[in-house]
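Presented below are the structures under discussion, each in the form of structure tokens.
Two complexes, one shared chain (chain A), two partners (chain B, chain C).
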Partner chain A sequence: MSVAVGAAGRAGAPWFWAIAGLRRALELGAFLALAAFILGPLLTLLVWAAAGTWLFPNLLPEFSLRWWYYVLGNENVVKAIRMSFLSAPVATLLSAVICIPAAYAFARLEFPGRRLLLLSFLSANAFPKIGLYVSIATLFYRLNLMDTFAGVVMIQLINTLLFMIWIPTGTFRGINRNLEDAARDVGAGPLRTFFNITLPIALPGLIVASLFAFLAAFDEAQGTLIVGTPNHMTMPVMMYTLVLSYPQPVGAVFSVLLSLPSLLFLLLAQRYLRAGYLAAGYSL
Partner chain B sequence: MTDSRRQGALGLALVLPPLLVLIFLIIVPAVSAVIDTLHPPEGAGWTLTNYALILGNRVLRSDIRFSIVVTLAAVAVTFCLSYPLALYLRFTKGRLPSLLAVLFTIPLFVPVVIASFAMITFLVNHGMVSTVLYRMGIEWFPPLVYNATGIVLTEVWTTIPFAVLILGAGLQAIDDALIDGARDVGAGPLRTFVSIILPLNATPTMITLTLLFIGIFGSFTIPYLVGGNAPQMLGVTMTNYLTQYLRRLDAVTIAVIAFLIAAAVGALYVVSVSRRERHAL
Partner chain C sequence: MARLSLRHLTKTFGAQAAVRDVTLEVRDGELMCLLGPSGCGKTTTLRMIGGFALPDAGDIQINDRSVVALPPEQRPTAMVFQRYNLWPHMTVAGNIAFGLKLRRLPRAAIAERVRDVLGLVGLPGFSQKYPHQLSGGEQQRVAVARALVLEPQILLLDEPFSNLDARLRVHMREEVKQLQRKVGITTVFVTHDQEEALTIADRIAVMNEGVLQQVDTPDALYARPQTLFVADFIGTMNLVSAHADAGRALVAGPWRLALPGGRWPEGAEATLAVRPEDLVPDPQGAPARVRRVINLGHYLLVLLDGPGVPALRMFTEKGASFSEGQEVRLRIARGLVFCGPEVAEIGGPMRPSVAAPTDRA
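Showing the complex of A and B:
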């Protein structure tokens, strides 16, 4: 509670807030505790990825890169990497093609049931995910989609829908209509207006949506585990096996490999994330 | 008139493809799952036997109870950490808050599988925490992973950014003038918080709580990797029934029970979102 009160401190502060030293100490203490909680597990994992052996109670391991050779030399791992980089882009592209026009319609066109239909895209989040995957699996058994590439792409597609509908809808809504009207006034047709005016302005939002969708597809694990085993394992699905039945450094090395797309995403999208698109995606 | 009709048709046509995906991948499986459990192919007619069997199973009942308790605990901890954090980020400026704003989003970019594994290496007996505590002379402490504690800690780790972002977006929408106004008429910080900030941020708060509940309740990866053997959360139970015991119908019945529990909570969510949407349009 003291943090909450302190946070509202602009509107007048509790008595101890006036003691500057105590306030700084409280803030710094809370910050360090949170930093340890969030960064601790990740740093431990990173150290494991560079470890040969790590015996208790040593604070640091004996460093070695031999597990990297082991992981990258493993045929199943290479297969999973290929499967991931094949299925996630396909799912993202498919999602963009079907969702972006729909997002434009949600933002700009009047049609019956618009509000209800937009809300219906939240339904993927209104179910417990794993229950949904189990139900989908029973449908896929009947349609012979179990353990197929198409089945895996469809599972990933579900996870991209929300990002690809809601973020672009918000983006299109945010574009000033006057710009489009002006283009129409000087004689541009609707398609030309869309491609020359609307699309360039909306591009950053669409890029952020696509990157989020890609990560959602790339990181999907639980559904693919059910639908894709044993022949269509993606990298996150491979992780289950590595965590449960291999020595710690193997899982750690693979985790680093699996995080590379996310890191790349952070670097690529930093500019746009700062511009508030991240928050926009969450302010439903 | 014809123009608006044409616009309506075009709008529906553009919305149709993702809607078909939604129908084929979410609505059809969900509905057919419910029908299967109520109307088993081998038996005749409609029956609730499947549900009676599942709910009559003592192990499954304890799994249901365990799922609800763990989910509520994780939601409570996440919320109690996220709300003050969102408030702090909204109302404070400086180097520490901007550093914090970067720090808290980090888990958003870590796949859940990796987060679970990182948490294991961090918390496991003879892991990082245990090593540091040992060096400080503390040799015994309760086990932190492969039990409910591990699940709650990992769920909190992965959901903090999501909760802070939604709550923060809500707080951002509160006009500074309202808060300054309250101060001008002599309200203290606690009073301002209780009578201005809390009610104005009520909808995002409801959304956050329900989405957290549904997300955590339906999770599989974290309880599967970080949880113990029994009791287990329903996500793990139903996956085991499907892939290990090959009892598809039982798996789906458990899934429907999980749907129903989440639906009760989800109703709250839809009500608050649609209220929001009505304001926005």
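Showing the complex of A and C:
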């Protein structure tokens, strides 16, 4: 941020830009504004989550964790949490099992319709999802998948496909084929080459893809609402109910709970996150 | 102890023939270079030997046993690749030991062989480093070690030094040559750099457009190129279009040369090939004008224009006095005449020259 501003300043600088102290103050101001824009709502959320009651004249609420006890003591909420932490990992794992071999094929093999097939994984995200879910719901009625765990997992799976295909395809394509040939050369068969050479080298990219996929599955609300109600509600679905029919701190507490996995994973993923992995996937 | 023979090897990509009917014998312990411009089929040939490409026709035999049906992991060959050779997630020792582990050698034996081969390539104490901690030259040495540790019958090298800088390249090829002599392994080396080929190969196989042009020692290749392509590709060569004359002679630009045998009919089109060192100043010779004089260190390159023969190149000693615009008279001491598939020598074979190959590369 500050670097970009500094560079622009040198090109066609207004007069006050030359004063170092003023410039630094402006940069700091811009940084704080950006931070407030991004972190402000999150901060409010945190304050609300720790609020007992928050009435008009008070600047800060009275501190209390009673809404946490309330939320975590609610049987439906706990059920939804359990459902979320069960279905999202299963969907991610299934997605990996299906998509990683497919991504390898997209990256390494030439077959008719390769480009079209690769693009088709984008198609689920190319239309308004709600229409898609309704038609899936009619299909699920026929197949007796409505209000089942399998149905919810399948809906979440759809949301992970994009990440699990495109990122690993780019990752595999970025691995020089010579590395695989060299393994064959010293005596490794195709499977051993994949597991001992290709997979370890691709691992950072695959981890990043899995994290994105997990978050996409974890975050899914629309489809699960249609397919999973009333007995298979996940946390984001529960959110609708909580926001609509409970006091404000309940929603805040739940929001914090909902963002915890994302926060945790982003911290974990930092090591592996490189802009290249995302960009590489988007070249046909 | 291994002989390699390629029999009528052919490979096509789409409609394009990458390798056409290549037959080549590599003797035991020999260092054979596959040399040619990019796209000539040399790398494809090497990949077929290693098992990474399947020939459409023909046979590959190692010690008279066909290996065409074998996948790469079962062939007694080891390859050093052009770039990105080493597995980045393994240490140097891990890279070298990978093939040995697949062969289920005991742990102590693996450690010993890794240590030995690292000593052989001059990298003792590097076993626990990762590839990204090594320089380009060190990485290539580890790649060579990884190939040699399996004691293959044939060592294949695919332009192994092309991504190194010039100085290191010269150093590495000397090292590989010495290593190859010491181990005595039959080696096939692919390069587009003729200087590299001429300096390290026992014999060179020149390829162009998928066709094997000539297989010879570096000296023979320089002195007696058998096709126009080889004549032009190896070293520096002046090519002058010519035609046969009635009186058993060849007319090339201002020169009239006696043809031994006089076997071609009058008017037959031919090409005269003359090395720059075989253009000699002579008061009786044909006239030419000096266009430029280029000092190339220990010798001079003189560019000349004769009547109907522009841009002739001549090498002379550094002391020779030439100046731009000067009129000189030149004689052709030796030359080769290419007429269709036939070749005739004028004035004996060409002399190998130190200067010639470097000038072109």
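As a convention for this text, the second predicted complex is superposed on the first by the 238 of 284 C-alpha atoms of A that agree within 3 Å, B and C clash if a C-alpha of one lies under 4 Å from a C-alpha of the other, contacts with A are read in each partner's own complex, and residues count from 1 in each chain.
By definition in this document, a residue touches a chain if its C-beta (ideal position, glycine included) is under 8 Å from a C-beta of that chain, and two chains touch if they have at least 3 such contacts.
Just so you know, these numbers come straight off a predicted model, no measurement behind them.
When the shared chain is aligned, chain C comes close enough to touch A:D181, but chain B does not. Of the two partner chains, chain B is the only one touched by A:L109; chain C is not. Taking chain B and chain C in turn and counting the residues of chain A each one touches, the greater count comes from B.
When both complexes are overlaid on chain A, the residue A:R192 reaches chain C alone and has no touch with chain B. In the superposition on chain A, A:V78 contacts neither chain B nor chain C.
Overlap of the chain B and chain C interfaces on chain A comprises no residues.
Listing the residues of chain A that touch chain C in their complex gives 176, 178-179, 181-189, 192, 196-197, 200-201. Residues 3-14, 27-28, 31, 34-35, 37-42, 44-45, 48, 56-59, 98-99, 101-102, 104-106, 109-112, 114-115, 117-132, 134-139, 141, 154, 157-158, 161, 164-165, 215, 218-219, 221-222, 225-226, 229, 236, 239-240, 243-244, 248, 251-252, 255, 258-259, 262-263, 265-266, 278-279, 282-284 of chain A are the ones touching chain B in the complex. On the chain C side of its complex with chain A, the touching residues are 50-52, 71-74, 77-79, 81-85, 87-89, 98-99, 102-103, 143, 146-147, 150.
On the chain B side of its complex with chain A, the touching residues are 4, 7-12, 14-19, 21-22, 25-30, 32-33, 36, 81, 83-85, 87-88, 90-92, 96, 99-100, 103-107, 109-123, 126-132, 134-135, 157, 160, 162, 165-166, 168-170, 172-173, 179-180, 182-183, 187-190, 192-193, 197, 204, 207, 211, 214-215, 217-221, 224-225, 234-235, 238-239, 242-243, 248, 251-252, 254-256, 258-259, 262-263, 266, 269-270, 273-274, 276-278, 281.
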